[in-house]
Amino acid sequence: MKNLTLQSWRNARPSLGGWISLNNVHSAEAMANLGFDWLCIDLQHGLLDYSDLTRILPAIATTDTTPIVRVAWNRPEQIMKALDAGAQGVIVPMVNSAEDARSAAAACRYPPAGERSFGPIRAALSEGADYLASANTEIACIVMIETHDALERVEDIARVEGVDALFVGPADLALSLGISLSDAPNEPRFQAALGKVLSAARKNDRFAGIFGYSLESVRSALAAGFTFASIGTDIGFMTSAAANALSELRPGRPPESRERHGY
Amino acid sequence: MKNLTLQSWRNARPSLGGWISLNNVHSAEAMANLGFDWLCIDLQHGLLDYSDLTRILPAIATTDTTPIVRVAWNRPEQIMKALDAGAQGVIVPMVNSAEDARSAAAACRYPPAGERSFGPIRAALSEGADYLASANTEIACIVMIETHDALERVEDIARVEGVDALFVGPADLALSLGISLSDAPNEPRFQAALGKVLSAARKNDRFAGIFGYSLESVRSALAAGFTFASIGTDIGFMTSAAANALSELRPGRPPESRERHGY
Amino acid sequence: MKNLTLQSWRNARPSLGGWISLNNVHSAEAMANLGFDWLCIDLQHGLLDYSDLTRILPAIATTDTTPIVRVAWNRPEQIMKALDAGAQGVIVPMVNSAEDARSAAAACRYPPAGERSFGPIRAALSEGADYLASANTEIACIVMIETHDALERVEDIARVEGVDALFVGPADLALSLGISLSDAPNEPRFQAALGKVLSAARKNDRFAGIFGYSLESVRSALAAGFTFASIGTDIGFMTSAAANALSELRPGRPPESRERHGY
Amino acid sequence: MKNLTLQSWRNARPSLGGWISLNNVHSAEAMANLGFDWLCIDLQHGLLDYSDLTRILPAIATTDTTPIVRVAWNRPEQIMKALDAGAQGVIVPMVNSAEDARSAAAACRYPPAGERSFGPIRAALSEGADYLASANTEIACIVMIETHDALERVEDIARVEGVDALFVGPADLALSLGISLSDAPNEPRFQAALGKVLSAARKNDRFAGIFGYSLESVRSALAAGFTFASIGTDIGFMTSAAANALSELRPGRPPESRERHGY
Amino acid sequence: MKNLTLQSWRNARPSLGGWISLNNVHSAEAMANLGFDWLCIDLQHGLLDYSDLTRILPAIATTDTTPIVRVAWNRPEQIMKALDAGAQGVIVPMVNSAEDARSAAAACRYPPAGERSFGPIRAALSEGADYLASANTEIACIVMIETHDALERVEDIARVEGVDALFVGPADLALSLGISLSDAPNEPRFQAALGKVLSAARKNDRFAGIFGYSLESVRSALAAGFTFASIGTDIGFMTSAAANALSELRPGRPPESRERHGY
Amino acid sequence: MKNLTLQSWRNARPSLGGWISLNNVHSAEAMANLGFDWLCIDLQHGLLDYSDLTRILPAIATTDTTPIVRVAWNRPEQIMKALDAGAQGVIVPMVNSAEDARSAAAACRYPPAGERSFGPIRAALSEGADYLASANTEIACIVMIETHDALERVEDIARVEGVDALFVGPADLALSLGISLSDAPNEPRFQAALGKVLSAARKNDRFAGIFGYSLESVRSALAAGFTFASIGTDIGFMTSAAANALSELRPGRPPESRERHGY
């Protein structure tokens, strides 16, 4: 198994990803065909669940796009099931301590490095027993830094062996720091928080990523040193383009569409 | 039952619709929330089927958007099942003769006007027996004009009682006339065909609509006298916006996304 | 294969059935556990489709209840797929002529008696090759008499070899005869129509059945000589009981529930 | 966001709910159309799961009925996913201590009141950013009192900030107290337990509710001061009405409980 | 679009296929990974339907195996929907006349060669507009010869333009000829029938294929000149291997498994 | 309720089971028809989830095969939901201490023996209230011994009341002991580990079982005193038989392992 995204990070090439919030095989396959470096299927806030993964992951595997899964919570069985189904990385939300990070990493690694249970039913489909040899180094374990507590302990978290990357959830982080979503981009405390995550990642040879809430936020994060960023969600792309088309064709009429949140 | 879209046509107010090609409840609900006058769930070329309707129609019914279904073919059971599930109109493909049109219309109307079988299991959910009284006048029967044969017989088709509207499928019509998809917009024969449909509709008090393959095509159709047009598909909106975002963030890199067809 | 319902009809024992309109495995299994002689999964007006059959039929097969399927239309592939999946009988709507009846019967019988294609993937699961020997006599082919035309030709229809039973759809029959649904029970023309179906069945050694629209209608049909009747639908049972419970607990408040149609 | 059920409780108007145990969009929509004040989709003992919510919640949203979800267990991700999908309240089982209650409440509230992660993908569909402002006060956090331990600590539980209501699970509570299900209604210890819950709720300005196991139990609970009660389940309504119909039409025949294969 | 299977036939390389009867994404992907030249997803006798295709076809597209679909019946919308979803060929059952064959071929080809409606939503996902240019020559139109009538008219059928191959359904053909399934392999009339199909194919530059009912039947068909054969079904492989394992471990106990039919 | 498998164990009759990894109703029903004593639906490493259970369990209940579920993790709600849906036993992975075992057992038993919440919606379908009386003794609680830690504490685990059987997961156990999967069968330390589990089971009147990784491993485990063993998985049976068929028909060609896109 070869994780192309992890490989590109290791070669210091930043990468752009998309976010899959919809339970639909075709839209995921279409997104993968657009050339995203990776796609993250979101089992936390997206409207889908494990069973949906088993249908969406093959569709992404028709392309070179790396499939990543955000699990709903830092639970070993959620991480293991996503990996067995063929995810090449997991994004684990709400990792607020070194202990949380150790638990996430252990679920990603086979013994002796960790405690992942063996049964890569789909993951090993094309390579059989070779999967066991490469899985521990080719699966990306990405932990989210998105609370005040996580920020306080970000150095400890970054040090945990088996963690590959830190990923900032800007909406939750802002809320947790008492900053409104709209103020965050221009709020020095928020920018300082991003800098702290970045610095902890660098010091410990981890990669840093962020959920992009606008193209501008992506550009500025990559410029600041983040290695990877998501640039939008399937449903967000759809509704923004549709709302624009309606507005263009109904010039005198105020947009009926409601703003959608980045998260 | 009150069909808001049919009502607006009758009041000479043109309307804009969206096209649902994805089997997903949430994206359909999100599209409906954007303020489309109507949404057409496409069982012909879309990647969905009758069972999916039963989950998508309620999601659209949370809004005032009128749900319409394009059936896969001009078959009575396909039309009747879509209506029983709560569609307020059907778009029937490949209607190439008056006989075809009569068959489509008969499937939309209860006796004595037609031959629709009684059992509006979901359609009558909120109004009960009153549904029977209004269904025959409030269900929109929309037939597609999309072949050379249909164009030849468009007057006969438009005259068939029970047909509410003619709907041009520009891709199929162009192919059938031996015109390439890219040439169609500027091809006089194609423009003449649109004019012929419009004229047949007007003469027989039918509405005329078209599948818009660009914002420009929508504007020009409405200006020419078409009453309704679709302005884009769920998957088309998603992939065009995603491709744009990728292009903006990878300025030096040629777009990997492939052009998608209007149809 | 042994069709217990057909067997009981042949032994002159009338039988009571239920109607499955919901795409749900558990409610079908629960209905089967109540002791219905047969259950009809309704692919015409019910909110379900072929794929749903493949999950519901095994659930009914945990009991002795005979599974029957009403197909959406008189199409050979619809009938054959239902039988392959394990239905022991089909109810075929809108059979309006001897030719329609012959087509329905042919789809139910293997050559030389008919034209059913061989591949009883689930139907033969438990008995293997023996299925072929018994299928032609143990599959019930039930055709619906529900239009003015069908009534005119009911003798011809009843005579068609391979037809086991005639089944009255009272709502469609009434509409087709120009009788309102509420007037039908007390309308002599409607009662005469029922008598005509019954007489045609008897003369040709066919069984007669009816979709019961009330307990009273079931009692009177069985008394008149009908062999089988449905006594209610899954969703109808649910909503009537729920509406009753709400009414009892909100005595001063008018029922909000809307009357549901028999069909 | 406006929670009509919470609003009616705050205005001292008791309310009646229904219980959804079936994974079916249409039956949920039909129940909502009957006028229940709220419907609880049961992910604990019902035969459905998170993915099913994403299809059922829109169907309920076609009416004014308030959608509530009973999660399978007191886990933050289960609560958060139900709320993101559009539930306006959660019923949390097996809350046996103040700590359990705090955990349930924290999952329902955004910081600083709690720890809910931000991403109301469907919940904010119609109102956008306004959702954040109202969610913490309009989401109902309802904890179940259904064990001996919970009863002992009911005062502590009721005091926990963020808890809106206590909900009695009578079957589990009876079993846990060593009382058989059939004895419970007339068992003084059980009645005393109900009184204790009611008193703890009142003292702390919480609402009290109960899972009704009969119409009589609902009447007596409301009379005693409970604010809300469920009055039956979808599958229970269906099977009781169907069993009654069979009994009426087979007067001489004892109710069937036919042998099942396997178990 | 490049149809590798059609290409190998054109290069006179015979090919072996597998049969997909199960609605499951993973088993189809696993079969594709075994190296079958093509897999046929069976919508006629298999327990799956169109919607299932939309999830299974991407899984097969992770490999070089060519995806083919057997439609339930010779209906234009069934053929067109399978092709739009990405099938690279269709097997059309019960083609009993030149007219049947023309209808099948017309549904496979865009105008002017045929009447396929344009909208290759998934089929054109990876190549965009180029699909239109290649589809008419790269889609395999395979018609089944499986009745007495078809055999009589096999020359006429083979001559129809747009037909690529004739495919023998041995079970139906045997039944239709009055030969039992077990006698067929050794029945001269059956062997003569195969020879007649082969000869008609050769004379008209069509390929001939057969549904293999045993390894021996495959070997003998290829030796006789058939270009392609299926060698087993997913469910057949599973149950035969499982029955063997049970027999080996329960030596003294007669096999409980029932023989399964080839079809 | 009568658990035939538990009964046979109690009568000292060993039993053979199959493993269900596929989300498919029909293949599970077909496996059950082959005569397995029990089938284990694997929610840990199989590609299915709770919702799939609700469709698969009825299909198994058409036979005498005992349905068992391996939950994804030792979580009370996972165990309880599987049992409510009709599983007659659970296999609980990663039970590494007496405390883990007590938690698993408590989730299987109603009070006062345990903490299972009452609501056997499908489990009690056929017997009603009698289910409560028999469930605690007829539900099999099977805990997995599959880590170094579990082996160390296997005596403590075996002693926990409510545990019926110990089940060895050989792959995880080998990995955890630092033994490669291929070496395990001939590695004395691995054989000693099996012996230790067996001895702990015997001493405490528990049954011992194992996941068989070959027919030979099953034979040797039963000979050594294990009471039950799985003999293969649905997908494993399918792919091994299909690979064999391909090899036999392509004698000169090495087994394919064609390159896959993406991973």
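In order of appearance the chains are A, B, C, D, E and F, and numbering begins at 1 in each one.
Rule of thumb we're sticking to: a residue touches a chain if its C-beta (ideal position, glycine included) is under 8 Å from a C-beta of that chain, and two chains touch if they have at least 3 such contacts.
These numbers come from a predicted model, not from an experiment.
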item	value
Third chains touching both chain E and chain C	B, F
Result of counting contacting C-beta pairs for B-C and A-E, higher pair	B-C
Angle of the C-alpha superposing rotation, chain B to chain F, to the nearest 5 degrees	180
Chain copies touching (chain B, chain E) - same or different residues, decided at half shared	different
Between chain D and chain B, distance of the C-alpha-averaged centres to the nearest whole Å	41
Computed distance of Cα centres, chain D from chain A, in Å	34
Centroid spacing, where centroids are CA-atom means, of chain C and chain D in whole angstrom	38
Junction residues of chain E - those touching two or more other chains	21, 23, 26, 30, 33, 47, 49, 51, 54, 62, 75, 121-122, 125-126, 235, 258
Those chain pairs that satisfy the touch definition	A-B, A-D, A-E, A-F, B-C, B-D, B-E, C-D, C-E, C-F, D-F, E-F
Chain F partner contacts - residues on chain D that touch it in the complex	21, 23, 44-49, 51-52, 72-73, 75, 93-94, 146-147, 169, 171-172, 175-176, 178, 181, 235, 257, 260-263
Of chain C, residues touching chain E in the complex	49-51, 54, 75-77, 80-81, 84-85, 110-112, 115, 117-122, 124-129, 132
Chain A-touching residues of chain B, taken from the complex the two chains share	16, 18, 21-24, 26-27, 30-31, 33-36, 47, 215, 218-219, 231-232, 234-235, 237-243, 245-246, 248-250, 255-258
Sites on chain A touched by chain E in the complex	25-26, 29-30, 33, 54-55, 58-59, 61-62, 121-122, 125-126
